[in-house]
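Residue numbering begins at 1 within each chain, and the chains themselves are lettered A, B, C and D in the order written.
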Amino acid sequence: MRYPMLAAGAVMVALGTAGPLPAQAADPIRIGVPVGLSGANSVVAPSVVQSAQLAIDEINAKGGVLGRSLELAVADDASGAAGAQKAFDSLIFQKKVDVLISMETSAARNAGLPIVGRGKVPYIYTSFYEGHSCSPYLYVDAWVPDQQVAPIVDYFQKEKGAKTFFLIGSDYAFGRGMLDFTREYIKKQGGQIVGEEYQPMDASDWTPVISKIRATNPDALVTSTAGGAPNVTLTKQLRAAGIKALYGNLAVDEGTAKNLGADAAGIVISASYLTSIDSPTNHAFAAALDKKFGSDLKTPNDLSVPEYEAVYLYAAALEKAGSTKADAVLAALPTVSVDGPRGSIRMDKQHHAPLTMYLGEVQGDGSVKVLKSFKDVDPGAQCPTLK
Amino acid sequence: MPSVTLMAEVIPALECRGLSSGYGEAVVIRHLDLVLRQGETLALLGKNGMGKSTLLKTVMGYLPALAGTVRLEGRTISGLPPQRIARQAVSYTPQDQALFPDLNVGDNLRLVVDDERALRTAVAHVGGYFPFIPDRLTQKAGTLSGGEQKMLLLARALISAPRVMLVDEITEGLQPSVVTRLVEVLRVEQRRLGFSLLIVEQNVRFALAVADRYAVLKQGEIADLGASADAGAETRIIDHLRL
Amino acid sequence: MTDHADHAAESPAAGTVAPPRGLAPGTLAARHPVALGTLLALGAVNVAPLVIDTYSVNVLVRSFLYAAVALTVDLLWGYTGILTFGQSAFFGIGAYALGLAFTHIGLTPAVAVLALAGAVVVAAAVAALTGWLAFGYGVSPIYVSVVTLVLPIVATQLVFSGGTFTGSSSGLSGFDTFELDLEDWFRLAGCGLVLATAAAWLFVRSDAGRVLVAIRENEQRCTYLGLRTARIKIALMIACGIVAAIAGYGYAAYTDVVAPELTGFVFGTELVIWVALGGRGTLLGPVVGTILIDLTSAYLSGSLPFIWQLLLGVAFVLVIVALPRGLLPVLAAGGRRFAGAAAGTRAAVLPNLVPLVPTPTAAPADAGASATPALRLRGVTRRYGSLQVLHDISFTAHAGELLSIVGPNGAGKSSLMRCIADGHERTGGTVDIAGHPIGRRNPEACVAFGVGRKFQAASVFDTLTVAECLRLARMRHEPPSLWRRAKTLRLPVSALQVAQATGLLEHSGEEARHLSHGLKQALELAMVLALEPTVLLLDEPTAGLTRPERQTIGTILSALTRDSGMCVLLVEHDLDFVREISSRVVVLHQGKLALDGTVAEVVGSDLVRTIYSGETHALGDAHG
Amino acid sequence: MQAQILDIATSAAMLYAVAAGLLVIFGVMKIINFAHGAFLTLGGYCALLTTWAGISPWLAFPVAAIVGFIIGALVERFIVRPLYQRPLDAILATWGLGIILGQVITLIFGREVQFVQSPVQGTALVLDTDYSLYRLLLVPGAILVGVALAALLHGTRLGLAARAVIMNEALARGLGIDSDRVRSLTFGLGSALAALAGALITPLSSVDPAMGVPWLVNAFMLVMVAGRSLISLMVATVVLGGAQVLVSSYASPVLGGLTIAVLAAIILRIRPQGFARD
C-alpha cells in the first residue's frame, strides 16, 4: 500500500480539500488540461478551458463514453517549462488522468513530453506550433508552418508587391521555428529579409525592435510571438509608433484581435478557424457555447476549437479501442475523425492533420474578413519516423 | 494634600526623582534627584563622562529611564518620545549636530514655529539681538561661522516659546565676546518669557554668570549643589573638576 | 551598581548549570546525536519510496534538491548574515551545464563527469567573483544584496541571449539523461541531502563554523581579531555555490528539463522565503521547511494556487515581522526534548581553558623592542570632508609603556585610535607598528603587525559563549577545525588572568549577551589580550563600570605593561584613573597634540587646568 | 539617431517615474520597499478599472495615486514600522507584502493579461521622426513628477519635516517633529508614486499580476546608484537608461535588459555612494 505523504495530506485536510482517491471501476475518465492560466498564454487559456468543458459536458449529456463519464482536470503551467513540469507531474501522477488534451507554449510542451513518456499517457496537442515534435504519445490536430506561412507570404508578395520583410518573434521554440520556416520560404520566393529579432517571452518593451524596423523600413512584417501578451504589447507599440508596413501575424487569434480593438485593424492572419466560418457545425458550436457560458464566454479561436475537437477525437478513439488503455487509444487515434467547427479532422499524417486554411484580414471592429481559403492543406512530412 | 492653586506655586518646572539612565547596560546616572524651579536657571557642571549630557537626553526622552521618573510641571513625561516632550514647550539644544547644516537659516527656524506669519514675527524679534539672521535667511546653516551657529541655536530655542529650555554646552569653542552676548540675551529673554533653564556647561565662568544655582555631577550622582552667588562657589567647582 | 549586584547574585546559579554532565567534550559520545540522526535519516530515505505514493516520490526528489540549495542560503544568510537572492543562479549553472552538454554533445559517462566538473568550476569562479565584488573594503552591507540580485538577472538574460544554443525562453528538454528508476532518484537525492545537511551541521558546530556567526554578529570585531572576514565569506560563497550547482545538475538530470526560471531572481527569493519560514540559522528548519512547503504546493497548485501563495505570503510577512527566527524553532521549542538536546550540545562542548606556555619566539620580540619603538606616529592627520579632526600628530611609544591619551570631547582621541588600527582611516602621515608601516592596510593586517584594539562600547559576539568568543580571538594563532570542537583552549597568561580576576571564567559557557556590562568589558579585554598584541589600544575601558570593576581593570593593566612588556595606549575621561596607572600622558586638544609628558608634568600643567575648566579660548597656541 | 535620442529620453522618463517612489521611501526611511513592484501592479489595475468603468483614461492617474497612498500608509503602519531597526528584514517583509498584494489582485482580477485604454493615440512628428505621442508625453509627465516632488519637499512644511527627518532624525524629533507621521506620509507618497507609475506604463504594455516585478529590480538599482537625491536619480536614469537603449539597439535587446543592473553593480563597487555627491 502507498499513501500520500502525511504532512501534505494534513495540510490539505486543513485547507478543506481532498487528496487523490483510489481508482474505482465506475470512475470517470479524466481528461487533463495543462494550460497557461498565468503568463504569456493567459489571454487565450480561458477560452481553451471553456471549449474543453463544453465538449465534455456534451459527451456526458449523451451518456459518456464506454459507460463512463468524462471529467475535466485543469492545471496551470504558467506558460513556461518549469511550470509545465509541475502541471504535467500533478495531472499524470497525482490526478492520474487518462489523457492530456491541451494547447501549450512550445516551451511547456517540450518540458512536458518526457513526463508524458514516463507516465505513458496519450497526449493530444491542440495548438498550432513550429512543427516536427514527434513522440509515440503525441498527436496534433492544429496547423504547422507548412500549412500556414505560404498564404500570408504569397499574399504580401504577389498581391501587395512586398519585397523586403522584417521578422519578429518571441525567443522560444515556436517563435524561432515559425520564423525559420518563414525565412526560408521568403528567400525561396525571391523576397529579402532585412531584419530578424527575438525577445524573451515575457518581454513587454519592444522599443529597440521598433527602432530597427524604423531604420530598415521594410515592406512587410511577419511576427511570431507567444500568443497573448507579447502579441498585444508588440501590436500596440507598433501602432503607437506609427509603423505602416504590411503586418502578417502568425500567432494572433480572433479573441486577442478583439482585445486590441482598432490597433488590430489590417493585421493579416492565416488560420484554420475563424468564427465567421459558415457551416452548420460551427453555428451549432457557437450556439452551444453561448448557451453554456453566456456573458462569461471567451471568444472561440484557433486554439480553443482544436481543443473542442480533440476531446471528440479522443472520445471516438475510446469507443473504437473499447478501453482507456494507452496503447489501444494511441492505435485508434489516427483512424478516427470528427466533423467539427473546422470541418472534418483526422490526425492521420504522421500524427498530424490536414486542415482547411483561411487567409483573413482583421477589421476595425476586431472581426476577420476572409480573403481566401485553401482546402485540406497537407501538414507535410512532420514525423517521418512515425506512421 | 495641598490645594490645586497652592500646588501650582510650588510645582517645579522640571523634577527628576530617583532617575537612573545610561546606554544599554552601562548605567551613567544613578538614582538622581534634581529639581528645576519655575523661572530659574540651573547649571549642571562636571567632568566629561559624568552624566551631564545623559541627563538631558533622558529628560528629553532619547534615553529610557531605567528607574525613577521625570515630571514636567507636575505631569510625568518619562516614557514619552522626544517629539511629544518637545510639543509640551520643552526646547532642547544638543551639544553636537544641533543644527541642520544643509538646511538654510530660515528653514532651521521654520521647523519650530507654526506658520509663516509666526516665522516673520519671530525673525524680526531675534533679529534685534542677532542682526545677521534676517539678512541671511537663505544661507545654509552649515556655512555660518561657529559663533553664528550658536547664536542661531539660541534664537531657535527662544522663538519656540519654551516653558523649559535644556541647553547642552552652547559656549564650547566660543570667543568671550560671543559668550557675553549669549548671557545677555538669555537674561533678557528669560525675564520676558519666564522660562526655566537647565544648562550643561564646562565653562565655569559662563555657568555662574548665567545661572541662579549650580549642580556638580560626579559618577552620575550630584556631588555639590548650591547658589551661584555663594561665596567661593567658583573655587569649589573648579576643585571638583580638577585632576 | 545595581546591575552588577544583580548579576553577582545570579551567577552561582548559572555556574552550576554550565558544566557538562559528565561528558568529555568532543568525544564520540558528544558527536553521537549527529551520527545517529544521519543514520536514521539515511534509513528513512531508503525505505520511504516503498511506502509513499508515486506522485509524492516524484515531487520529493525535486524538493530534496531545492532543500539542498535552501541549506546554502541558510549558511549564507541565516548563519553569516549575507542576504542573498542569487543562489538560484548557481542552481542554474549546474542545471545548464548538464542541459547544454547532454543536448549538444550527448550522454556519455565522460561528458557527464566533465559537465559536472564544469558546473563546479564555473560556479566556484562566479561565486569568487561575486564575493570579490560584494565584500570589498568599505562596501555597504546592502551591496551584497545588490550583487546577488544582479547575478540571477545576468544569468537569466544570458540564457535568453543564447538563442537556440540555450533554448532561450523554452529552455532545453528531451535530451538523453541517466536512466534511473524514480525510487533510485529519490534515494540518491535524499542521501545527498542528508549527507549535505549532516556536513553542514558538523561544520556550523565546529570551531571554524562559529566564525560565521561571529561575522553575522559583529564583523568589525572579527576583523580586529585579525580574521580575514572577506576571504572567509568568499570561501563560504564558493562552497555554497558549488553545492547549489551540484543540486542544479541533479535537478536537470532528473527532470530532463532546464529552463530560465531555474536561474531566475524569483526562484532566488523563494529560497529565502523557505529559509525564513523554516527558521534561519537552524539548518534543519530550512531543509524541513523547504520540503514541506514544496510538497504542499505541489498538492495544492492545482486546486488552490492563489490561496496557497497568499497564505505563504502572509506567513512569510508574519514570520519576518513577528518571529524572525522562523516557525520551526518556535514549534520545536514547544517540545522539551529539543530544548534538552540543545542545552546538552551546548554544555558538551565547553573546552578546558589552559595557559599558553610562552613560546621562544616571544623573547626576541622583547629584545628588539628596545631598539624599535612599539608604535611610531609621524604627522598623522585625519579629515572628514572639510572638517579636520587630527592635525599633524607625531609621537612614539615603547614596549612597557602605558600611555594615556586625554582631552575633552571632540579632541580627536577616538579618531587617533582608529588611525592606528586601520590603514584606511588617516588622511596623511605614517603609522609604524613595531617598525612595520601600516600603509593603507585593513584592520586585520594591522592586527598581524601586533595591534590589539578594544572598543569603547564592549564589542563582543552576543550569541556566542564566552569560551567561543575567546576561541575566535585565538584563531589567528591556531587555525580551527572545520568539523569538530577542540577539547582545550590555550590562552596567553594575561588573558587568563583577566578572565580569572574578573570572574569571567565562571561564565565561560554562557552567551555573551547575558553577561553584565562589566563582564562584557572584561571579555573583550581578554579577547584582545588573547591576540598577544604588542600594541594594545584601549578606548575608555572603564566607561560605565563600578568602582571595584575599575580598580580590577587598572590593576591588570599596570601588571600587563610591567610584566609582559606590552605597549598600552589608553583613552580615558576619568583623570583619576589615568593618574593612577599611566607611565606617560598625551593631551589632545582640538585635534592637536597639546602636551606629551609624565603624569606629574601633565597634572601640574596650567594648560590642562584651563582646558578642563572650559576657558578654551585662553589656550592661545591651540587656536591657530 | 534622432529616434534613438527620443528612445533614450522616453525610456529615462519611464524609469524616472518608476523609480521616484522607491527613492522617496529609501531617502526618508532608509528602507528598500520591495513591494514597489506590487504597487506598480496596483496602479496598472487602477488603470484597468477606469477602462472598465468607461471613464476618461486620464482619471487613471489620480485614482492610482490615491489608492496607492492609502494602501501604502496602512502598510507602513502595520508591516514596516516594526522593522526600522532591521533594514534587511524590511526588504524581505515588503517582498512578502508584494506577494500578498499580487495574490489578492489575482483573486480579484484573475491571472490573465489584460489591457487598458491609452489616453492618447497616434504619433507626432518630432526631430524628423514619427514617434509615439504617448511615449513623448511621458517626458513632460516625468518632469512634472520630479518638479512636483521637489516642490513638495522644498515648498511645504511636510517636505521640510521630511528633509529634517532624512538629515537628522533625532534632532528633528527633539524639535517636535513627529517622525512616525512623517514616515507614514512618506511611505504613502512613495506608494502613490509607484501606483501612478504603474498607471503611466500600462497604456504601452499590458496588465497582469506580475507586471511590476521586472521594473522593481531596475528601480532598485537606479535608487542604489542615485542615493537620496531626485537630481542624481535623473542623472542615473538618463545615463543608465541611455546605456540600456544603446545596448539594446546596437547589441541585442536581451543584453539591454541587464545593462542597468550590471552597470549599477559596477558603479557601486567603484563608488559606493553612486551618483550622490558624497
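Just a few scattered comments:
As a working rule, contacts are C-beta pairs under 8 Å (C-beta built on N, C-alpha and C of every residue); 3 or more make two chains touch, one makes a residue touch a chain.
Please read these numbers as outputs of a predicted model, since none were measured by experiment.
Each chain's centre was taken as the mean of its CA atoms, and the one lying most distant from chain A is B.
Of all the chains shown, the one with its CA centroid nearest the global CA centroid is D.
Ranked by C-beta contact pairs, the top pair of chains is A-C.
Measuring from the averaged C-alpha position of chain A to that of chain B gives a distance of 78 Å.
If you average the Cα atoms of chain C and of chain D, the two centres end up 35 Å apart. Rounded to a whole number, the gap between the C-alpha centres of chain B and chain D is 43 angstrom. Rounded to whole angstrom units, the spacing between the C-alpha centres of chain A and chain C is 54. For chain B, residues touching at least two other chains: there are none. In chain A, the residues that reach two or more other chains under the touch definition are 76, 171, 198, 200, 202. Looking at chain C, residues 160, 307 sit in touch with two or more other chains.
The complete set of chain-chain contacts reads A-C, A-D, B-C, B-D, C-D.
Interface of chain B with chain C (complex): residues 20, 22-28, 30, 47-49, 95-96, 171-176, 201-206, 219, 238, 241-243. Listing the residues of chain D that touch chain A in their complex gives 3-4, 7, 10-11, 106, 111-113, 115, 118, 121-123, 129-135, 203-206, 208-211, 214, 245, 248-249, 253-254, 256-257.
Residues of chain D that touch chain B in their complex: 157, 160-161, 163-164, 167-168, 170-179. Chain contact summary for the complex, chain A toward chain D: residues 37-38, 40, 42-43, 45-46, 76, 171, 197-200, 202-205, 207-209, 211-212, 214-215, 228-229, 232-233, 236-237, 240-242, 259-260. Contact residues of chain B toward chain D in the complex are 60, 62, 81-83, 86-87, 92, 94, 97-98, 100, 102-103, 107, 110-112, 156, 160.
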